[in-house]
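After this come two complexes, each holding chain A, first together with chain B and then together with chain C.
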Partner chain A sequence: MTDTLLQARGLSKHFGGLKAVDQVDLDIHTGEILGLLGPNGAGKTVFFNLISGVYRPTSGTVHFQGKRIDGLPSHRVAACGVGRTFQIVKPFASLTVLENVLVARGITRYGTFRRLWGPWQSKSETRAAMKILERVGMAELAERKAGLLPLGNLRRLEIARALVVGHQLILLDESFSGLRHEEISQLETLIRRIRDDGITVLLIEHNMRVTMGLCDRIVVLDHGRKIAQGKPQDIQENDLVIEAYLGSRGGRHAA
Partner chain B sequence: MDAYLITIGTLIVIYAITVYGLNVIVGYAGQISLGHAAFFGIGAYASALLTTKAGLSFWEALPIVILLSGLIGIVLGLPSLRLREDFLAITTIGINFIVEALFLYVPYFGGALGIGGIPRVFLFGIKLKGMAFFLLCLSFLALVIFICWWFTRSWGGVACFALREEESAAASVGISPVRFKLLAFVIGTMMAGLGGALYAHYMRFISATDFSFPMSITFLSMIVLGGMGTLWGPLLGAVLLGILPELFRPIVDYRILFYTALLLVMIRFQPAGLLGEGSIVRKWLILKPAGGRP
Partner chain C sequence: MQLFFEQLLNGIAMGSIYALVTLGLALVYGILRILHVAHAAVYTVGAYAGLFCYSYTGSLLLAFLGGMIFCSILGVAIERLVYYPLLKYPPYVPLIGSIAIMLSIEEICRLVAGPYILTFPATLPFPEFQLGGVTISSTLTAVYVITTVVLGLLWFISTKTELGLAMRATSQDIPIADAMGINSHAIVSIAFVIGSSIAAIAGILVGIYYNQVYPTMGTVPAYKTLALIVVGGLGSMPGAVIASMLLGVAETLLIGYADIPLPRDALAFIAMIAVLMWRSEGLMGSK
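And now, the complex of A and B:
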């Protein structure tokens, strides 16, 4: 039996009458790449934001490593060791790439008042941050200003920041969207390597080919509900999934 | 040295201290404040009252004044936790008007007559005036600049820069927006309180109009001109906007018009300020990045 790193039970988020996420149960197992799939408006990003503390759930619970984290604000969830990226990249634009990663290195300090006053650009911190940049293949861009980087690099930078924070679990929100073909395959390699280093990955993805190839397991949402979960090949053949993506079958040609 | 020059110099240094505080709030943490003169005034009134009515000396009053300014800074900084950008700007303008109105209409604060007879500052039994008081202010300015320099190099400072750049991304790496906005507000308003106290004991007479909204605009103009978020920008801005009115004394009636034109020119040609990113002065000097905004 595999360990459960994160467990969501009956998780719901309603915006007025709209049930953006409705009674979703989800387990993330230690060491896997779990894909969260679904058509536009299925509630994937809302679900993400419930886990990462951006929204407070209407009902339901989230446990991370046995600790209850639902309802905690984002910075507290981050402090538990959950790193995340954003669908629309959010770099600290006027800081350099290295400084962006250094900011994340402060994760262990921001919660304790008396630890706030040491220098943040110390040699040891810089070295640790450079290691992370090497890991995501951005070491040579360390001194570049983040705001001037192209999208592919910004997505890597966000992964670098997430890795500093999430030494157990990182949540990737559509890290592949808008990337060129070779950037996608580089990023796939990177995410596999992150998994092989023992970090669990939850990723939201639109791109079917990427999801099928990369994920160990897939959960599919539609209209805020979980409609399927399982291995990629099972998902591919699941009638509910096909219906959600392509509409109900009038004839066989839809599949 | 010429008494006139010392007067101008002392006021510039006092304004610079206050403007460094504003720079922590606006330049470092990215929280717009158009009511900084209120905190300058709170420092001035607190020190004036403690020394005239409670009979404390300047030095006994100063820690209380600074703590009080920081405390009121927290209370009035609370709106900044919920509001952003233009809404925050309007709220801080409101704070400025409310504080000025309290000074003006509450009899305890001296009403329209203000507070007079504020004692001079003594140090080791020596009365500080003229050059001596200027040097005292200068030492406080050096201390304030040192604190700012330290802050930009500390984790607390970089957390504020991150908030300024992207609040939700900052939260995703463990930075509490509430905690660090308040931290910036406390540091900034404490510096304003210090500036206000020095102002009160220099002028020895204060009234509500000294701390009105146009003063807040002047403070903000000083950092916009000098370079928001830079280490030396506030000083440069305070010096330039302190000297220019003296140079342009013949056209004093048009001063606001002149300021406005100057700000427009700055925004058009040097949006980051004279010492800001990509500015002419910075290219001349090739300064090292300061305050996280290279």
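And now, the complex of A and C:
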């Protein structure tokens, strides 16, 4: 029996008449890399936003380590140990790479009003932040302005920030898109290492090869509904999934 | 020469006061990208609240404290009740809201305190200096000292403390700051508390400096500080301070010396137009 880290039940988000996410049940098991797959507009990012507190669900519940987190504002979800990246990379451009990580380190300290007046540049803080940067292989870029980094490094920086916040679970929103071949394989190694360090990973990915190779389990969404879940090879052979991606077989063959 | 130095000292004092008001505006613009025109009304309220506390208690310390507390509450109320709900609209919507608040507060001041000029008969307990025949009055000393302390504190907070880092993060991207565990809404409110407290200090200083408090005392500063944050570079706090100082000195010197047939208040706007034409990012701003 595997441990469930995050449990979503009947999770829905409707925007007017559009059911962006509709009655989705999903379990994330501790220590796995779970892939969230689906064609454009399937509701993957909305689902992320529901878990991370950006949106309040229309209905349904989310439990994280047994604690109910749906409807909490995103800074509170983050404080529970859920870190995330964004589909469009958004570093704090005018801060250095190190400062970007230090902002995230603040999560351990933003809690009380009094602590807000404390210093942020202590030696132990900087050391801890550098350790994270070493983990994602960016230590030598620590003093660079984040706004000047190329995309591959920005993606790593986002993961670094997410790691600081998400000491339990990190949500990666299309971290591979737009990357070159060798950058993709480096990032795959990094994500595997993160998982081996005991952090659970939920990732949205378009690149089939990456998803199939990297994920332990895959959940497929289409039009806001969960249409399949299972091991990568099962998903590859699932008729519903093939239909969602390629259109129904009969129709195409006739043409 | 003596006159020149006296004018220069007055100019620096003027510039300091501009800087105090403009800082709040720069702070708010930096975080919410809203032109907080009503900030000048907060400054007026600060002068009134300070005067009120002073005439009841006779203590200047309580006057400053009372003004700061009252203005903080007012500032946060404006943020929570007006700006926050309007943030999802294009920037001119909160701007119109802000102008409306400014006019209403002015009218409320007129209704509550009357349309007259009230006097603020207090002397600030600061020493007077003689420097080579030039007298630095206790009020001038007070303006210099208080401005220096406020700027120093603000610099310390924004560069050295956790709050400063959280504020910088929030000003760059609110959703991301949230994802980093920052309660950005609280940070925004703290920024309003800081900006409004400084506005209260400025209002009381001006009230004492000119010995006048009246409902429309914020009108000219409202437009002038707007010009100043543009000149300084939108959202840049060092830029706001430098632009304010330059303007204060330029106003007093140019208008006092050269026979320029212009009202002194025009200078700020000429500077703004010039900056917009030749260096639209402002003195210290980034594009």
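Simple rule for what comes next: the second predicted complex is superposed on the first by the 250 of 255 C-alpha atoms of A that agree within 3 Å, B and C clash if a C-alpha of one lies under 4 Å from a C-alpha of the other, contacts with A are read in each partner's own complex, and residues count from 1 in each chain.
We adopt the following convention: a residue touches a chain if its C-beta (ideal position, glycine included) is under 8 Å from a C-beta of that chain, and two chains touch if they have at least 3 such contacts.
This one's a predicted model, so the numbers in the text were calculated from it and none came from an experiment.
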Three-chain arrangement built on chain A, chain B and chain C clash or fit: clash
Partner chain in contact with A:78 - chain B first, chain C second, else both or neither: both
First (chain B), second (chain C), both or neither touched by A:121: both
Chain B versus chain C as contact partner of A:92, first or second or both or neither: both
Contacts of A:161 with chain B and chain C, given as first, second, both or neither: both
Chain C-contacting residues of chain A that also contact chain B: 52-54, 73-75, 78-79, 83-84, 86, 90, 92-95, 99, 102-104, 106-107, 109-110, 115-121, 161, 165
Complex contact set, residues of chain A against chain C: 52-54, 73-75, 78-79, 83-84, 86, 90, 92-95, 99, 102-104, 106-107, 109-110, 115-121, 161, 165
Sites on chain B touched by chain A in the complex: 150, 153-159, 161-162, 165-166, 168-177, 179-180, 277, 292-294
Residues of chain C defined as touching chain A within the complex: 157, 160-166, 168-169, 172-173, 175-185, 190, 286
List of chain A residues in touch with chain B within their complex: 52-54, 73-76, 78-79, 83-84, 86, 90-96, 99, 102-104, 106-111, 115-121, 145, 161-162, 164-165
